[in-house]
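Right after this note come the structures.
Each of the next two complexes has subunit A plus one other chain: subunit B in the first, subunit C in the second.
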Partner chain A sequence: MSVRAEPAVAKASPFYDPRVRGFVYQALLIGTLGWLLYEAAANAAANMRARNIPTNFDFWNKTSGFDINFTLVPYSAQSTFGDAFWVGLWNTLLVAAVSVVFATLLGFAVGIARLSTNWLVAKAAAIYVESLRNIPLLLQLLFWYNAILKPLPNVRESLVIPGLFGAPFAYLNNRGLILPEPKFGPGFAWTAAAFALGVALTAAFAVWAARAQRLTGAQKPVGLVGLAFVVGLPLIAFFAAGQPLTLDYPVLRGFNFAGGARVLPELVALALGLVLYTATFIAEIVRSGIQSVAVGQSEAARALGLGTKPMLRLVIIPQAMRVITPPLTNQFLNIVKNSTLAVFVGYPDLVSVFAGSVLNITGAAVQIILATMAVYLVISLLTAAVMNAWNNRAMIRER
Partner chain B sequence: MKHLLFAALGAAALACSALGAGAATLDQVKQRGQLACGSNSGLTGFGLPDDKGQWTGLDVDFCRAVAAAVLNDPAKVKFIPLSAKDRFTALQSGEVDVLARNGTWTSSRESDLGLLFAAVNYYDGQGFMVRKKLNVNSALELNGASICVQQGTTTELNLADYFRSNNMKYEGVVFADVNEVIKAYDTSRCDAFTTDVSQLYGERVKLVNPDEHVVLPEVISKEPLAPAVRQGDDQWFDIVKWTHFAMINAEEFGITKANVDEKLKSDDPGVRRLLGVEGDFGKGLGLTKDWAYRIVKAVGNYGEAFERNVGQGSKLKIARGLNNLWNKGGIQYAPPVR
Partner chain C sequence: MDSGASRLETAYLRETPAPTLPPPALSSGALGWTRKNLFSGPISSVFTLLTIAFAAWTLPGLVRYFILDAVWRADDGAACRAPGAGACWAYIGQKFPFFMYGSYPREWVWRVDVTFVVGAALIVWLLAPKLRGKQVAAFLFFVAFPVLGFVLLSGWEAVGLPKVGTDLWGGVLVSLVVSAVGIVVSLPGGVLLAMGRRSRLPMVRMASVVFIEVVRGVPLITVLFMANFMLPLFVPDNWSPDRLVRPLIGVSLFASAYMAEVVRGGLQAMPKGQFEGAMALGLGYGRMMRLVVLPQALTKVIPGIVNTFIGLFKDTTLVAIVGIYDFLRTVDTARLDPLWAGPSISTTGYVFAAMFYFIFCFGMSRYSQYMERELSKDRQR
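Up next is the complex of A and B:
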């Protein structure tokens, strides 16, 4: 019947052809959107020109003139605005990475605790999750910042953390945690190389051990051998090169400590707030993931004679991860995005440094905001891509 | 986040607004029946809403003076509180007609931001406040100190310059919001708090124990605080500029809020010209000839506004100093109205 109907359709006016119509509608929609976007951009550019607002990135290589109190890359007031951008970006990545790691650890622990058969543990976890995830993050950040700063003593009354032999090792005060800074001597590269070699040898040994176990069933002490390679080799290299590592101890000089490395209270407050807040969501994701694995699976695992640990590791968690990974990605993205609240606790992240100080000094608001948004978009897309790749590996292979 | 949002809104406003730079701000203000004034969100003496929601301060009075000249009513002002970081974007995008928010007049702000500063209504300089118990008597003793500073200000740059040129080290702790800066200083996160001296006095009275803090004698920069307008509207620029000059001239002639009606009968030709009794100097500005009379009638002369807000009549008790008239030892000087 359809064979006979075809010539009739072909003869009909293209006006009634649903395919042509669909194409026309979509072309119209895209055209209108494109026109709106173009008009908005052209209008903004014309307005900016009329008001003598810069529309380019010429400021990038100019001297910034302001200082940043926490930098992972070399920076001073004589550096450029472009350098300030990188400082902000690295600081954002640092706080995001630290928060992702600790939020994941805490989230998994609390998520499992919520399923505990121990009434007290389960309820404590539930109270933590329900209270912290329902309080706005900004309030929590301001709370933690003040909660950290208030009880800490002044510099001159610093809490001393003793090291070996009772000598002062680190100091804690309201300027942060001041630690001795390791200074690497010239021969330290050998130690690093030995460490890399140790890791490579351990990996090779693990592959060989796995194959041996498949063939013969005999288990090899991978952990012990790995420890010997990873720790032992660098130690030998370290002492052979004459211990090329000295610690630069902080000394109280005037208002602050000179020397040493410092962990800012701002960084701690921001990371703590992000971790405690995001971990509540991760805990719920983990709980739902574990509960999504059918009870029959653990019963079957027990029937095969697996203990609790191997059962979790080999049966439950691999299946739960399929449910956990996609929403977990969302939480990682939230951490990156929420780290922009740094400016409220004085941590110099990308928004604070670049979309704050640099924007205000240069006045290039449109370019800087667009660039900042693009950076967060790229970070988020990269995170999502990595997590998706991992998720694809863990997915059920349908045959 | 709020700041990011604001900047994004500013960008959106730029994208969506019609090409408004050429349209006369004066006509827009008259049509609206209200002056949109970018103000400090809370700085004692310059721009601060009191417990009844009434805005007070030197910059606030300046906006009231503009409203009195343009709309014949000092109450027809909408004060829009802006943070240091957002203020110029708000002016650029047309959110406010005039920005009287203790902003420092610099070359790059005029050349790169598309703004014009009308006239200096407060000659200020940057200083430091420290706790008395630190026993610091000079800013040169601050080597190695942690210093709290607000973001997006000339302060941030002056601080870096000062420590660099004196070969000293410091740690700058930067916040977007001035209240966070004060809080951090109050919790001893910083040894010193730096900003314009007038603001140091203004913030000091808000601290728990103002007497425990001292403003150091060094003034490390020139901070001419001036109201700003957008480029491209010369008439509006003139109105804002001459509002300040009218207040200075009024003080010079001894015209006050109390005696302004009496002075209408004065024989002094300068007074007669200023108050519009002789000649019409408002017409060229797009105003009526009694524009200066209305300013003085509404907010008084410059000296009155100064003493009421930051001087002896206020909590701050700042001396006139540089802000005295040129013939009384200061540098406040206005071209004549003629």
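Up next is the complex of A and C:
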């Protein structure tokens, strides 16, 4: 039996063993958190029992007894608290979707305008961005609602927004924005079907064109053909079916409007505020995204003989979008989160209906606030997951 | 050689210098600048004309409303209600103490002023890159100033300052208290959370990630609701926090989560060699972070920290939802005063509030841009 001379290592005290220390720290953390949670839950249970506050979701199926002035799904005072939750959620999603679309459009336009070689346009865009993004959103909402929309004239003296050919298109008064309402005739389904067909044909053509370019190098006019399919086919179907879409124009009759669709001033103020505020942030994101593409990239594209349009489409925009997408996602999430300011202007969003009216009537504060937070958390995580997936596809694949 | 000589004979040699021509009128000077920057093409020209038309349409009306037709002196709303009257600045002047201090007792307002001045001086000391002694300034701002502020604002009978209940606080005072508490709590809180998120202990990491992502995933209003409605239920009955303390807790938690992500960016940008170098010198985790890593990482993210403060400052307006009279809420309440009620009161109040917030936020964002340039000097050539 051979004995190897082991170097004598002094056994360190477990007090200095990083693994032991790590274990102790974590045990302490878990213990403290667990104790805090237990104490909070025990206190909450005792306090809620003492104050007769419900501790479950039994109220969900009870009649709510209050009305909501704007609903996308059927709802009345006889509906349940659960129905009120869905009304609020749909209203939140509506204002968020509208604001996301318009804020993105305005934000991209302003971001590009800030890089314009036209001095006046660039300065005007800079003034807009620097002023509105340094003023709290809540202040802007209150301004639009209380200082602009509320003092508008009454129904009989509505402001007229002219459409094409100067005919009145929409009306603005202290009860909201009255727009023409589209009425779909029976044959409109054909137009929709033609649109779907156009999209499918365009996709097929794009695949074929990409293969043709790989094999022969010849480029096909994908954009023009796609336009013809996507716009032309529905137009043909539309006229073939005898124009099954009419606009129901609002007409002033006595003290109110007949026809048309009314958009609440609360919704107008909220969407306007969200769009104008968020667009300033999107503009800055777009500007820095475009500026982040190195000058060498456009020079190289020119050297390869690309014109302005292919250069933008194939070289600049793909690289800029990589920088733009992650912060743009954050802005979309900010719109969803900031739509909770609806409470301040009285638009019935999720917080205003569920964490406001329902909470006040039922008193079930803990469940309702946790449920509301969970909804926003789910929306945030879902959006983040979708945008991350898209971003992973668009990222540089390094080898 | 004679062929060269004959060429010289026939060559034309100018004896006087050519006269200097003026530069082409269309490509230099004011006209050239105009042409290059405003009318470089048909589309550009259209946009220029549209912008000028828009300015001509709006600016004169705004100048008339806010300056020429504005009412600067009045004792009540009568002058502002007169037809053709513009903004009612007299109303701002009369309500100014309310906007600044809320209902804080007038004879004790100097306590608020002293707190403002001390706080402003400390912030300048902390932020100005040229001033020395940042560690002293940090200690004063993060430890001594909160104590001083609490004693001065809330009162301490023993030193002859009677108590002033938070229900009397309001206006700019509350807005600044909320943002100051948010700053003082969120910086150390954010540093701890960021370190927790990068810890190699899985439980610590998970707890930090869950806290940061949950708080960042929900709107501030719901956090404020939670602090206002749920916090009193979570503690024994006699511990129920003060009505101003509840939103302060909510705002602090919220700001800490956002700050954590900024600080994490700074920690991630640190080269590994800094950690390894510190460990090779025999520093433990605490001293490595305190002496080597954090000073560099925090300096790197000063612009990000300031931007978070700008967001926090704008977000303080939301505390109105739980019944706190911050600056914006005092403005929004004062416009309902029947003595002043009139068509221009709302607009005047909101525009005044907008100017206040703009000056603060724009100033901070300018500072952040300045620091960004200062910090990147070592990378500029």
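One rule holds in what follows: the second predicted complex is superposed on the first by the 283 of 399 C-alpha atoms of A that agree within 3 Å, B and C clash if a C-alpha of one lies under 4 Å from a C-alpha of the other, contacts with A are read in each partner's own complex, and residues count from 1 in each chain.
By our rule, contacts are C-beta pairs under 8 Å (C-beta built on N, C-alpha and C of every residue); 3 or more make two chains touch, one makes a residue touch a chain.
This one's a predicted model, so the numbers in the text were calculated from it and none came from an experiment.
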item	value
Subunit B versus subunit C as contact partner of A:N47, first or second or both or neither	both
Contacts of A:A97 with subunit B and subunit C, given as first, second, both or neither	neither
Contacts of A:P265 with subunit B and subunit C, given as first, second, both or neither	first
Shared subunit A surface residues [contacts with subunit B and with subunit C]	40, 43-44, 47-48, 50, 53, 138, 146, 150, 340-341, 343-344, 351, 355, 359, 365-366, 369, 372
Sites on subunit A touched by subunit B in the complex	40-41, 43-44, 46-48, 50-54, 65-69, 77, 138, 146, 149-150, 154, 174-175, 253-256, 258, 265-266, 340-341, 343-346, 348, 351-352, 355-357, 359-363, 365-366, 369-370, 372
Interfacial residue positions of subunit C with respect to subunit A in the complex	37-38, 40, 44, 47-48, 51-52, 54, 200-204, 207, 214, 216-222, 225-226, 229-230, 232-237, 310, 314-315, 317-318, 320-321, 328, 332, 335, 343, 346-347, 350, 353-354, 357-358, 361-362, 365
Interfacial residue positions of subunit A with respect to subunit C in the complex	22, 25-26, 29-30, 33, 39-40, 43-44, 47-48, 50, 53, 116-121, 124, 130-131, 134-139, 142-143, 146-147, 150-151, 333, 337-338, 340-341, 343-344, 351, 355, 359, 365-366, 369, 372-373, 376-377, 380-381
Residues on subunit B engaged by subunit A in the complex (per definition of touch)	1, 3-4, 7-8, 10-11, 14-22, 84-85, 88-89, 92, 108-109, 111-114, 142-146, 151-153, 156-157, 159-161, 164, 170-177, 180, 183-184, 187-189, 191, 230-232
